[in-house]
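Next come the structures, one after another.
In the two assemblies presented below, chain A is common to both, partnered first by chain B and then by chain C.
Moving on, here comes the complex of A and B:
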């Protein structure tokens, strides 16, 4: 027994060491920094203790509400919803009888993988070129077909910049969501659907009483994971718009960068990072406790 | 016999290898961080330096300007910064205070520097820390001037370049209405280092206003009201509203963007405000593309107001990192690069040196040289902006973002101006001792 315990501890030690070095220590270090006035120009001498002043500064700053709104509503809520709905739609399309009839499943899945295989930086460059006001193909089509008189500055217009950003993010990240739903749909026994149709269920009823309940676990998991990935997203926003125009698309992740590396306020940016982690931790807890447990219990 | 011959071959090879190895070991390696686009040209200059100094090997590193500041500071904090670094002219003070640069006063005293000595350098104040020590040597100087297409302006009814801000506004609109081309096409985008920061400061400075100034008591203060800030925003916003600066320029952030150069070369835009290196690019690109056509460009000073026409001395400096183990070699490199020949005469020819005896634009194309020469006489250093307690990167980003929010209609110019002034005031109060 004693030998067994020693063996277990020995086997777990490397993993533990890894967790401490690369997760626990950076987290504690970041929290400690957030309580100081550490600056990029004062790295050699460190920062002075200022308590929660950075957090007070953050929540009372005039831009905080806008940054939070952008992150929670535009980037995460709307972005994740669009991705889940589009993923569901594509999944149903790929598993539809029509696609199977014409043997298009393989081509469909290969085409679906192209955006996923594209590195984010490449995807962003391609889309920025397509959306460009002067040479972009989208504006060329819109003006050529007479839909608009003047080209639309998609990435520099308050009306269009968020839809454009969400389109880029969705395009690049949709395949994973879609394939997860496809796998879930393929595990649904076809006899259930056939039996419901024989009993006179409409398409809407089949969708509501058979497909959606079966997909719920997948939707819950993808919803949670998409939310975590999207909330913390920096690459797409920074490389597409630089948090502009103005600060119109500034989100919490880009705020961390701007405060740390442009304003030089490392302590303040650490506070933003800690707040982000706290929000996601709180969300995850509520999500798993309230929604996931209930839904997963009902499903099984 | 064969075995002896083989042994002799090995022995000869070993001796030869030892000699080569010894020669390599005798060389002192130094690293030089160079961030301008003219890397191949600078490498050629460094090759000449190595030929003249066989005991020194220069490893050239590159980082984008957008990342250069924070990269260097992080490296310096752990003692890993390059021996010599090309810096923005406004960085040495803050870098010196951060302990990231080695003071060079003792080296200047030992060997002096430049064609006519340290006294003949301009912008020396920007190289000094709060402790009075010198932390870098100015390497290049540049300024912005108005490069314009004479034919387009003439078609709009202007034989001469406008002298006032209102004249510029009218001329730009006239170009648009009479020729259908862009008038004053300036980058109106937002990013961390947007061009609009320069254009707004030119406007404010010409009226005697400034975001940061220094009083006779030595304290720094904000020398501009919210209404005056808003006036600047409104001025440039009008170009976008009336369409003589196209809305597509809201997507462009930097002063040397390819779109700005292309528009000028192709005759799609009449006026641009650019530094000398970009002015050279416009003229040379036109000459390459249209060798049979007469160059339509000229340069002029920015519009003037009660305080005259005002731009800034921009440029680069060279500093030695505080952790450098090869200070003498690093200083030798800086002294070499501070001479006109061969660096500026043969390789790095688009740039001007900040030393009074050679501060001229003789190497600029004849079409734009007079305008830039006139403008640099009217330039000022960043002065209180660089020496004061509010960091330029903070103001640069804040001004660009505020202007951007006005240009896209998110905020009124008054609201944006008030918030900007408040943010700078807060930073000033926090950092001024």
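Moving on, here comes the complex of A and C:
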């Protein structure tokens, strides 16, 4: 038994070395930095202790209210809702009787992998081309069909930039959500739906009492995971708009980066990071409650 | 069925069939449009990468060419391909060895503190990377790990480990425990059981996990952006983004570079994916 104990420690140490050095220590270090005025240009000398001044700055800044609104409402709430609804719709389409009748499910599922296999950086570049005012295909189509007279500067106008961003994110992340829902729908015994129809249930009733309860676990998992991925995502906003036009689409993730590496205020940037961590910790507790508990019970 | 059909007047049945057919057509058209929107952008990268920048966006008169690729590969991008491949490959090998060891312990052995430790691993999966960038930058600057392969390998191993352990524990559940027990009775040490008996059977799962980890590093942008500032050390995503400037866009480089970045992920992704989603779905539909 003593040998077993040594085996456990030896095998777990490398993994936890990385986890502690990469996740735990920097997180704690970040909290310490957020209480200083550490600057990018004075890294060697370190910063001075200034207490919670960074947090007071942050809470009272009107710019930050805009950032918070962008992150929570636009990026996360609207972004995740659109993704889930589009994923559900597409999953129902892919498992519909017509698609099955013409044997198109497999080809549909393979084609669905293409956006997922496209790296985010490539997805963003290609959409930036498509949304371009001079050579982009979307503006070419819109003006060609006579829907608009002037090309729309999708990524430079306040009215269009968020819908455009959400379109790009949805395109790239839709497959995972859709395929999860498809798998869930396929595990639903078709006799259940048929029996309900024979008994005279309307489509709405079948949806309400059979499909939705069956899909609920998948929707919860995907909703939570999407919330994590989206809330913390830096790449989509940064590479699509650079938080612009101006700072119109600035979100918390890009704020951390801008404050640290462009303005050089590492202390302030750390404070934004700590706030993000706090918000995510709240979500994390829900995540552990809902998913991880079940996994742990299943596994061991 | 026959009885029902006979009971319905012929005219009504015909109308119903026609309405069904119309509905089917509408549905198929909708599916076609959606699939076009999903596939077109990626497909277009590959098409455009073989056209000259001048004729790239023209309606007709395309000129087929390989110059985009030859031009790109003779520039600094060749070095970026090497950087990406080297960083990803090294990190994947390291993280897989570390993750297999840890996953075996989590899957097979009982010990105190197992649940909280596994929960910590699971939490790592959803940990926001952006929060780590600032403190790691400060630490790396002080340790001299900025603009250093070693620093990036440390980052990529660390980001791969949580998901790798999680996936491998799942795959290990499919390897019969009786094998371990038989080997132990035959006098194998636990270490031998893992690497000589279990590992060869686990190999398909290990390959899937390593592929996933590779793709994660391959398209990683944030840490590379913050920690690599020397042109010689930059990875493919960094250079690719620089070609798409605010005012000047090097279309040939953008398209050929995007194609080179997407090709491996497409080739690796298709075989890997089927298992991934079925696993995710299985996890989410369990009651």
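Criterion: the second predicted complex is superposed on the first by the 264 of 300 C-alpha atoms of A that agree within 3 Å, B and C clash if a C-alpha of one lies under 4 Å from a C-alpha of the other, contacts with A are read in each partner's own complex, and residues count from 1 in each chain.
The definition used in the following text is that contacts are C-beta pairs under 8 Å (C-beta built on N, C-alpha and C of every residue); 3 or more make two chains touch, one makes a residue touch a chain.
Just so it is clear, the model here is predicted, and its values are computed rather than measured.
Student: Check the residue A:102 against both partner chains and state whether it touches chain B (first), chain C (second), both, or neither.
Tutor: After superposition on chain A, A:102 lies in contact with chain C alone.
Student: Determine, under the contact definition given at the top, whether A:143 touches first (chain B), second (chain C), both, or neither.
Tutor: neither
Student: So in the superposed three-chain picture, is A:261 touching just chain B, just chain C, both, or none of them (first/second/both/neither)?
Tutor: In the superposition, A:261 contacts both chain B and chain C.
Student: Looking at A:158, would you say it contacts chain B, chain C, both, or neither? Reply first, second, both or neither.
Tutor: A:158: touches chain B, not chain C.
Student: Counting residues of chain A in contact, which comes out ahead: chain B or chain C?
Tutor: Answer, by number of touched residues of chain A: C.
Student: For A:43, select first, second, both or neither according to whether it touches chain B, chain C, the two together, or no partner.
Tutor: After superposing on A, A:43 lies in contact with both chain B and chain C.
Student: Identify the partner contact of A:239: answer first if only chain B is touched, second if only chain C is, both if each is, neither if none is.
Tutor: Second partner only.
Student: Residues on chain A in contact with chain B in one complex and with chain C in the other?
Tutor: 43, 260-261
Student: For chain C, which residues count as touching chain A in their complex?
Tutor: Those in contact with chain A are residues 23-24, 27-28, 30-31, 34-35, 37-39, 41-45, 56-57, 97-99, 101-102, 104-107, 109, 111, 114-115, 117-124, 126-139, 141-142, 154-155, 157-159, 161-162, 165, 169, 173, 189-191, 218-219, 221-222, 226, 237, 240-241, 244, 254, 258, 261-262, 265-266, 269-270, 273, 277-278, 280-287.
Student: Using the touch definition from the top, list the residues of chain A that touch chain C in their complex.
Tutor: 3-5, 7-8, 11-12, 14-16, 18-19, 21-23, 26-27, 29-30, 33, 38, 43, 90, 93-94, 96, 98-99, 101-102, 104, 108, 110-123, 125-130, 135, 171, 174-176, 179-180, 183-184, 187, 217-218, 220-222, 225, 228, 231-232, 234-235, 239, 252-253, 256-257, 260-261, 266, 269-270, 273-274, 276-277, 280, 284, 287-288, 292, 294-296, 298-300
Student: Please name which positions on chain A make contact with chain B in the complex.
Tutor: Per the stated touch rule, the residues are 40-45, 62, 132-134, 150-151, 153, 155-158, 242-248, 258, 260-264.
Student: Using the touch rule from the top, collect the residues of chain B that touch chain A in their complex.
Tutor: Those residues of chain B that touch chain A are 67, 69-70, 73-74, 76-77, 94-95, 97-100, 189-192, 246-248, 250-251, 253, 259, 391, 393-394, 397, 401-411, 419.
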